[in-house]
Amino acid sequence: MKIVLVTAFEPFDGEAINPSWEAVKVLQGREIAGARVVTCQLACVFDLALQQLNAALAEHQPDCVLAVGQAGGRAEITVERIAININDARIPDNQGKQPIDTPVIPGGPDAYFSTLPIKSMVNTLREQGIPASVSHTAGTFVCNHVMYGLLHALAQYPDAASGGFVHIPYAPEQAARHPGEPSMPIAMVTQALVSMIAVAVTQQQDAIISGGTTH
Amino acid sequence: MKIVLVTAFEPFDGEAINPSWEAVKVLQGREIAGARVVTCQLACVFDLALQQLNAALAEHQPDCVLAVGQAGGRAEITVERIAININDARIPDNQGKQPIDTPVIPGGPDAYFSTLPIKSMVNTLREQGIPASVSHTAGTFVCNHVMYGLLHALAQYPDAASGGFVHIPYAPEQAARHPGEPSMPIAMVTQALVSMIAVAVTQQQDAIISGGTTH
Amino acid sequence: MKIVLVTAFEPFDGEAINPSWEAVKVLQGREIAGARVVTCQLACVFDLALQQLNAALAEHQPDCVLAVGQAGGRAEITVERIAININDARIPDNQGKQPIDTPVIPGGPDAYFSTLPIKSMVNTLREQGIPASVSHTAGTFVCNHVMYGLLHALAQYPDAASGGFVHIPYAPEQAARHPGEPSMPIAMVTQALVSMIAVAVTQQQDAIISGGTTH
Amino acid sequence: MKIVLVTAFEPFDGEAINPSWEAVKVLQGREIAGARVVTCQLACVFDLALQQLNAALAEHQPDCVLAVGQAGGRAEITVERIAININDARIPDNQGKQPIDTPVIPGGPDAYFSTLPIKSMVNTLREQGIPASVSHTAGTFVCNHVMYGLLHALAQYPDAASGGFVHIPYAPEQAARHPGEPSMPIAMVTQALVSMIAVAVTQQQDAIISGGTTH
């Protein structure tokens, strides 16, 4: 049976929860489109998160990896297109580290594209009535760090698993303390993850659907 | 038994649904905090909406009136503080009328404050983990028109019912066709309405909590 | 010769300048459309600002009054349509006062519409290539306080001067310390004020041009 | 004498002007920090723009290249950090081409980092009171296409010129027809370009200053 590894983060930036983990943890052991889901919580800490991720890759040998993180301020499920080889932390991570313009992987390429069918994932969510878009930046904090590290790890193997990253909005209970910010209920995020996993597991080629921006 | 009249709108601006009516219609006949809910759908048409509203006021003699409308683009439940005596339609209403700078009620005062405990309503929602804020403009379309007409009607009676207006975000299935826009599930809006009705029915004085903006 | 009183504010909220005063002070004594400009800086302090304003009204007996204030975060010149009878301070004023839900004028009406030709002012600016829009809320801080107090004072006299309020963006040097925020150069704001004063002095009736919002 | 090539675009998306060209064209022949400026207007057309760019590179053999483009909706000068190997056009280009998910350069790496001192450029502008930020996406339209093509061309030579891309806001006369949108006067953009060129020509190493985002 295929294995899908789904990672999420611990809380950061003073939040009591991280909605990525709340939405992901209930998927542990779930079977989706003929694949078994394994979940893993990552620290919101540079380098340590990648050590945890690499350990999970080694342990579970997944066929597909979906990393999930919180993007407070975004209104939709955003499927990231690309990860870049830079750490540039606006705020300290959960161990107080705040790297500026260091590489995620010294000597690595400048960026890696997601190898998930991102357009199909977005399209499927929209058809199901769940707001979603392609995003062209995962930032320069631990989320991008994990996405880059994941795609770098997967790229070392010719028959590598597919992998990518999805950002999710604040949960409503978080947005209730950030006036004006958009939110999405955790149950809807879980539902979106199930749909996206099904697409990722079953579909090799991405759909040719516009998801671009003029800038 | 006290009567609470809750109004909402038919779809407008090309939408297939109006989330205000989807969230409100399930409350018909519900008992909340010792009050009976009566619901009423209004046309998204200048003047006609007020005729329908006034007919509902005459028929049900409510003790409290909560009018609800869609505010596509807002991320939270927004409780309106004030209605103004102006119609200024950016788009045509559902009968093609597009008044510019006409009064809602000729000779009426420039504005009416909501007589609901708006700060307590917002505060209660936030405590329940539902994003909410006070709003200082209900726009100049049919929503403001109905809020002004409602408060003008209620102001004619010394022991008048309390009344006000609440704007709600797009439903997720609407936002899924408006990339980038925030949303709130209809079930969460209904839950918020129940909480706000309970506050409105049971609380005479508003809480003294900051809800202002510098501009 | 007609007299136009143009007021602006001292800096607040930790800013080194208030762009409203920077843009206004250079107009002192200027003749625009046959009217003489008198300028006045107001404290960013509840009640004190109105005492200063009322003293200026008594001294100069203006035919037209344009009050100007900073709206950090707005991208355009925004001509306010209405002032409301509420003080609700999100931040303390320059004397540390932070009123919540008190009236500007006890017993005053809920709101006053601007008596300036707001649509014509916006339209003129747009024709000149200066971004501008009508705004339906001046907030609940000292700007709205001054606009309400001004219109209340003018309403006491049958042949009253016309009056209203204009919000302006951050100056670029302010926005340079608020990443992501829009700005407008002070010289362009001054140019906009000259154009708006000319419209306000020469035009009795406002243009019938849509400037509304659906919410 | 060093040569700095500064490119900008023709108008697109229905605009009468492209503020990038308006700001750039006045720099033709100007000497900045000991370098001579050569300017070049590019078509807003996939592939054709790169042919024009490559011709200009071959003709002028520049030591430094700054490509400039319009980002309607952004409020600041945004210095791009990275270009990605994808064309994904939300709107047709000026020849009606609308590629979806094609590579800029088949077989090229996924992305190239700007080789300009982007943090120093942003920092210098902020010190001069001009709003500026680092951007992590140049979009997927002709701007990103040119930035990627430029960095790919420069990467073919060991002692290559440095190069990168800067996005600029709408000019005020454009924003005046897009209510709510931010703008920056063309003269201020030109001033910003002069400052950025001086930094780019004289400074080899970038400053270590945070410019990151959490997402």
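A, B, C and D are the chain letters, set down in written order, and residue numbers restart from 1 in every chain.
In the analysis below, contacts are C-beta pairs under 8 Å (C-beta built on N, C-alpha and C of every residue); 3 or more make two chains touch, one makes a residue touch a chain.
What you see is a predicted model, and the numbers here were worked out from it, not measured in a lab.
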Any chain in contact with chain A as well as chain B: none
Reference chain C; chain at largest CA-centroid distance: A
Rounded Å distance between chain A and chain C, as computed from the means of their C-alpha atoms: 47
Intercentroid distance (Cα basis), chain C paired with chain B, Å: 30
Inter-centroid spacing, chain D versus chain C (mean Cα positions, whole Å): 38
Chain-to-chain touches, reported pairwise for every pair that qualifies: A-B, A-D, B-C, C-D
Partner chain D, residues of chain C touching it in the complex: 75-76, 125-133, 171-173, 175-177, 179-185, 188
Residues on chain B engaged by chain C in the complex (per definition of touch): 13, 69-74, 81-82, 84-91, 98, 100-101, 109-113, 119, 136-141, 143, 167, 206, 208-215
